[in-house]
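Scrolling down, you'll hit the structures one after another.
Next, two complexes with subunit A in common: one pairs it with subunit B, the other with subunit C.
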Partner chain A sequence: MTDISSSPILTVENLSVEFGHSRVIDNLNFSVIAGRTLAIVGESGSGKSVTSQSIMRLAESTGASYPSGRILFSGEQGEIDLLSQSQEAMRSIRGKDIAMIFQEPMTSLNPVFTIGDQISESLSLHKKLTKSAALDESMKLLKMVRLPDAEDMLNRYPHQLSGGMRQRVMIAMALACRPKVLIADEPTTALDVTIQAQILTILNDLQKELNMAVIFITHDMGVVAEIADDVVVMWKGKKVEQGPVKELFANPQHPYTKALLAAVPKLGSMAGEPFPKRFPITVMDGEGTRLVGEEKTQATACYDKSPLLSVRDLVTRFDSKKAFLDVSLIEYMR
Partner chain B sequence: MSANRFSVNLSNYKSLEFILGALLTGGICFLVVFSDFLFQGADKINLSSRLLEPFTHPDHFFGTDPLGRDIIARVVAGGKVSLQVGFLSVAGAVVLGVIMGLISGYYRGFWDVIVMRFADVQLAMPFILLAITFIAIVGGGLANMIFLLIISQWVQYARLVRGSVLSLRDREFIQSAEAIGVSHFNILFRHLLPNLIGPVIVLTTLNVANNILLESSLTFLGLGVDPLTPSWGGMLADGRTYIQNAWWVSVFPGLAILLTVLGLNLLGDWLRDSLDPTGRTSR
Partner chain C sequence: MANFLMKRFLQAIFVLLAVTLIVAFAIRLTGDPALMLTQGAGSVTEADLMMIREALGINKPFFIQYYEFLKGLFVFDFGRSFMGGTPVADLISKSLPATLMLAASVMFVSIVISIPLGIKAAVSKGKWADQTIRILSLIGLSFPNFWLALMLVLVFSIWLQWLPPSGMDGFASFLMPAFTMAIILTATNVRLVRSSMLETLQAQYIMVARAKGLSENTVLYKHALRNCAIPLITYFGLQFGGLLGGIVVIERVFNWPGLGTLAFDAVSGRDYPVLQAVITILSMLIVGVNLLVDIAYGLIDPRIRTE
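And then the complex of A and B:
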């Protein structure tokens, strides 16, 4: 709230999305302000990803239609309705003003191009940079997302990087043209928790640096608490609750929000329990909630019998001749 | 950074596949292109020296055929027709087939149905029947034959490419290319094409050999080039009658086909491996 530009940069008004005759999003309203993070939470199939793809206008290629609604974006040419733009016009907005990070870092990079090529593509496309200027800028971007030895990284292929590194490359790609809005579609779901924390910090820092609006799509309430300013809770294609993150966590109104929050395990709540425990799950039943299953202690392991599978003194070696030769060649060339 | 790239490239060209493939293909192409200077008198008939055995006469080192023509001169001269047919027909079919496959696989919908049903019809028609109909309408000759081969083979590439595009188009990296505003044209040719080029290269090298032989069967039926023009397939077919007492008449053109195809296959394998950054296929 410290920022003076409190007018929203992106506003979704009465958005409905249909695939054929089934309506997957019904009268959705929300807006994002520059420099702030809006989290959209909800279970699988609640329409989170369709919302983000509709903002990018990528959903149409899979058969979506928009019976009602507007998506207003205030860019350089004033306020425009993204839904009434041609695909041609959208192409110049995508990647430049609105960028997107995808869920699967393992498959979101083209396997036959180097990292440098992929980051510089967006730069040469929108900023019309030359090849070498784009590569220089890519290197800066890689440093910005804190990838070690960015120089080497430019010549690497995606399969040589780990998941966390690839997701950072994806972030670098998305940020290449300094977008005003960044849509992050579950960017940390496929990563392990320590990498998740790193990615979230990087996103947070870069958001402050570039004063971006971030739409963060997730189903992880822990991540929401960490990163979001405002939260929109979606359920079955409808917005059921919206509010600043603190209020929403302290005082959830809708039963679905309560159910979502109840599903998050609390650290320390199992202290003193000798065995893992199975808890009932809260599911939606009409407008209310219902508990399924019962609480029971999971104490079926027999520790006094001999183990079913044990591994002893296992050594696996791989032939690394090629790598050795390559390294020595590279050293020699230098 | 640049040193790294250089070392990778250098070791890339040091592979046996590349050296052998380039030598074979380059050597044969060189001989064929300069055949007029190297060996004269490919069509000189000399009935007094019919069916001379190879390695016995200094004038006709690889022997002579039933009409007394020098075998090696004819093999080298025959390469012109054979290589033209092999290369041009495959190149044309690849270009047409890949473009059709990319478009119908990527855009789906109406054009996909049209192109693929047309392809089904095409595949259902026997080649020789199509060839006879086609040649009967437009007439024989080298250009028409190449055209015929393109028409009958682009379908293979189109189906292969379409299949790969269908599995690749929904992958996330294509979506993410779309999300940074890459145009459809660039997605097709810069993002999809390099990902599916491997199997196309393999099919291409196999089809070159196939087409060299198809040329001979068309010529045999009287649908191809003038039978007096030497070509590998034609010589192979001519030599069949003499195979029991004059093996050299058909063996040398056969060897020429074999070496060309081997060279191309090696080059194709090398190309496929070096285009595949993960190196999955190189071991």
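And then the complex of A and C:
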């Protein structure tokens, strides 16, 4: 008998997913343990997002069917197979036990409802909180994801927030009911690097605090190195490799994993180079890998000729009245 | 927002001025009411005609007549009808409620039917429910409304004798005229609701709403519908204008005591003041409804409110 902390909270067994007659996921297996992060890595079209939407049973609304497999979730009622639940039963699990954050923070929030409305919605649904209790809790959640002026934030609309702030609102929304499993579908891909780091730190801290299992979907091996405990590498709808993050990085087995790792730029590889430099890229060729392009220095700029475009003494002003009123601009500068 | 509304309000006034000016001018091209009034009478001299013209006030220069019309507008005085001399304001206040009630019930019936049907079609895109709704709406679109009106009268008034064939007398009398027009509007609206809903359902926030565990009705009617409300309301506003135009025909068929019937009689009698008043009232209604649509934008979408 394994001890409770290491028994998986969510197990995907022999999962296959089809859209019409085309199989997009074939015989997928993995599991995730409370408090740990599993990264699912792969290129676009490899079936990562379909996997996450299948766990939530949201993929059916876009036409998916499940010819085989089980998705076992250990919840309050013991272990249940999510694939055999009705949509009605899934509704009480979604957002409560298993929550999800999405890739595009700019389009993930409904533009016509306030932040407060959108966070408190799942609280009143799953926890049966009153409107005002739900708003109080929403404010706490906004503080938890370190958004400034949480109280004021409740009455704001999504368009008044920057991308990083919106993604934090999304995290607050997903964590509203303290889910046991959080699925993060490329949550940092659309954000710039500094914001990306903030979001990853917040996720990491909250995972520890709530002892959540996190399934982190990404194509960025740099992010994987930072946050994951275990990694599943997917390629063309199949799992090609799986293992603890250190082992996988130290000793990648499958050619596709090698190609993914080769795509991460090495720190210091450009030290002392006066010109931009091209490196060959590793691509998949059949079942193996191949290098494309050659290493060459891009010394095409002529520094002794007059520049094609030059900017001198440029000052750009915005109408001061407008800038004072435009709260989003001020927020963005924080 | 206040700024935007002020602009729209000034635009509305300008539109009304332009419409009344064009109408007042064009109506006077249709012929001489004095000749119309004396039709069938025995010997009419030029002096008699001059007298009639003076009595009607149409011998004055055009711009004086237009100025007097505008002046009257502020106190709801549109002069007297050339036919029988009844104050036009009285005629209007009798027919306007009949037309408004009919138009409102048409819009209401159409919206109440087309939104759920359009949403149902969008959600079950490509399945039998969608196909059925689309075929029905195509059939609805293909009916000419006067023909549909006559057929309804034939079936429900003459054969079955369930509904009164004409006039406005209680709830039953609303059914046929309202449904005749509502069927055609609904056919267009279902398609509009379907296509804007399909677009909105693609949005990421719909997936997010489902991921929260919300019921399908909450997702569709709360999260999605409000987001596609702007194109819908814009279209409904424009449709209301078209409806007021189309109502003339239907009012004739059902002998509805509304503005359409009033306008129809005024045209055949070259009754300038009545026709001018009816068109002014109709254009005020259309401009007013579109002003309301602009206000609704701000209520629906916070992004417009802060602009």
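Just so it is clear, the second predicted complex is superposed on the first by the 306 of 334 C-alpha atoms of A that agree within 3 Å, B and C clash if a C-alpha of one lies under 4 Å from a C-alpha of the other, contacts with A are read in each partner's own complex, and residues count from 1 in each chain.
The criterion applied here is as follows: a residue touches a chain if its C-beta (ideal position, glycine included) is under 8 Å from a C-beta of that chain, and two chains touch if they have at least 3 such contacts.
All values derive from a computational prediction rather than experimental measurement.
Q: Record, for the superposition on subunit A, whether partners subunit B and subunit C clash or fit.
A: With subunit A aligned, subunit B runs into subunit C, so clash.
Q: Please indicate which partner A:126 is in contact with in the superposed arrangement: first for subunit B, second for subunit C, both, or neither.
A: After superposing on A, A:126 lies in contact with both subunit B and subunit C.
Q: Can A:100 be said to touch subunit B (first), subunit C (second), both, or neither?
A: Both partners, subunit B and subunit C.
Q: Looking only at subunit A, is it subunit B or subunit C that touches more of its residues?
A: B
Q: Quick one: is A:317 in contact with subunit B, with subunit C, with both, or with neither? Answer first, second, both or neither.
A: The answer is neither, since A:317 touches no partner chain.
Q: Check whether A:152 is in contact with subunit B, with subunit C, with both or with neither, and answer first, second, both or neither.
A: The first partner, subunit B, only.
Q: Check whether A:266 is in contact with subunit B, with subunit C, with both or with neither, and answer first, second, both or neither.
A: So A:266 meets neither subunit B nor subunit C here.
Q: If you stack the two complexes on chain A, which partner ends up touching A:110: first (subunit B), second (subunit C), both, or neither?
A: A:110: touches subunit B and subunit C.
Q: Applying the document's definition of touch, where does A:305 land relative to subunit B and subunit C: first, second, both, or neither?
A: neither
Q: Shared contact residues on subunit A for subunit B and subunit C?
A: 56, 58, 61, 90-96, 99-100, 102, 104, 107-114, 121-122, 125-126, 157, 159, 170, 173
Q: Quick check on the complex: what are the subunit A residues that touch subunit B?
A: Per the stated touch rule, the residues are 56, 58, 61, 90-96, 99-100, 102-104, 107-114, 121-122, 125-126, 151-152, 154-155, 157, 159, 170, 173-174, 176, 325-326, 329-330, 332-334.
Q: Using the touch definition from the top, list the residues of subunit A that touch subunit C in their complex.
A: Of all residues in subunit A, those touching subunit C are 53, 56, 58, 61, 90-96, 99-100, 102, 104, 107-114, 121-122, 125-126, 157, 159-160, 170, 173.
Q: Touching subunit A in the complex: which residues of subunit B?
A: 1, 3-8, 10-11, 171-173, 175-183, 191, 194-195, 275-278
Q: Note which residues of subunit C are touching subunit A in the complex, please.
A: 203-205, 207-215, 223, 226-227, 300-303, 306
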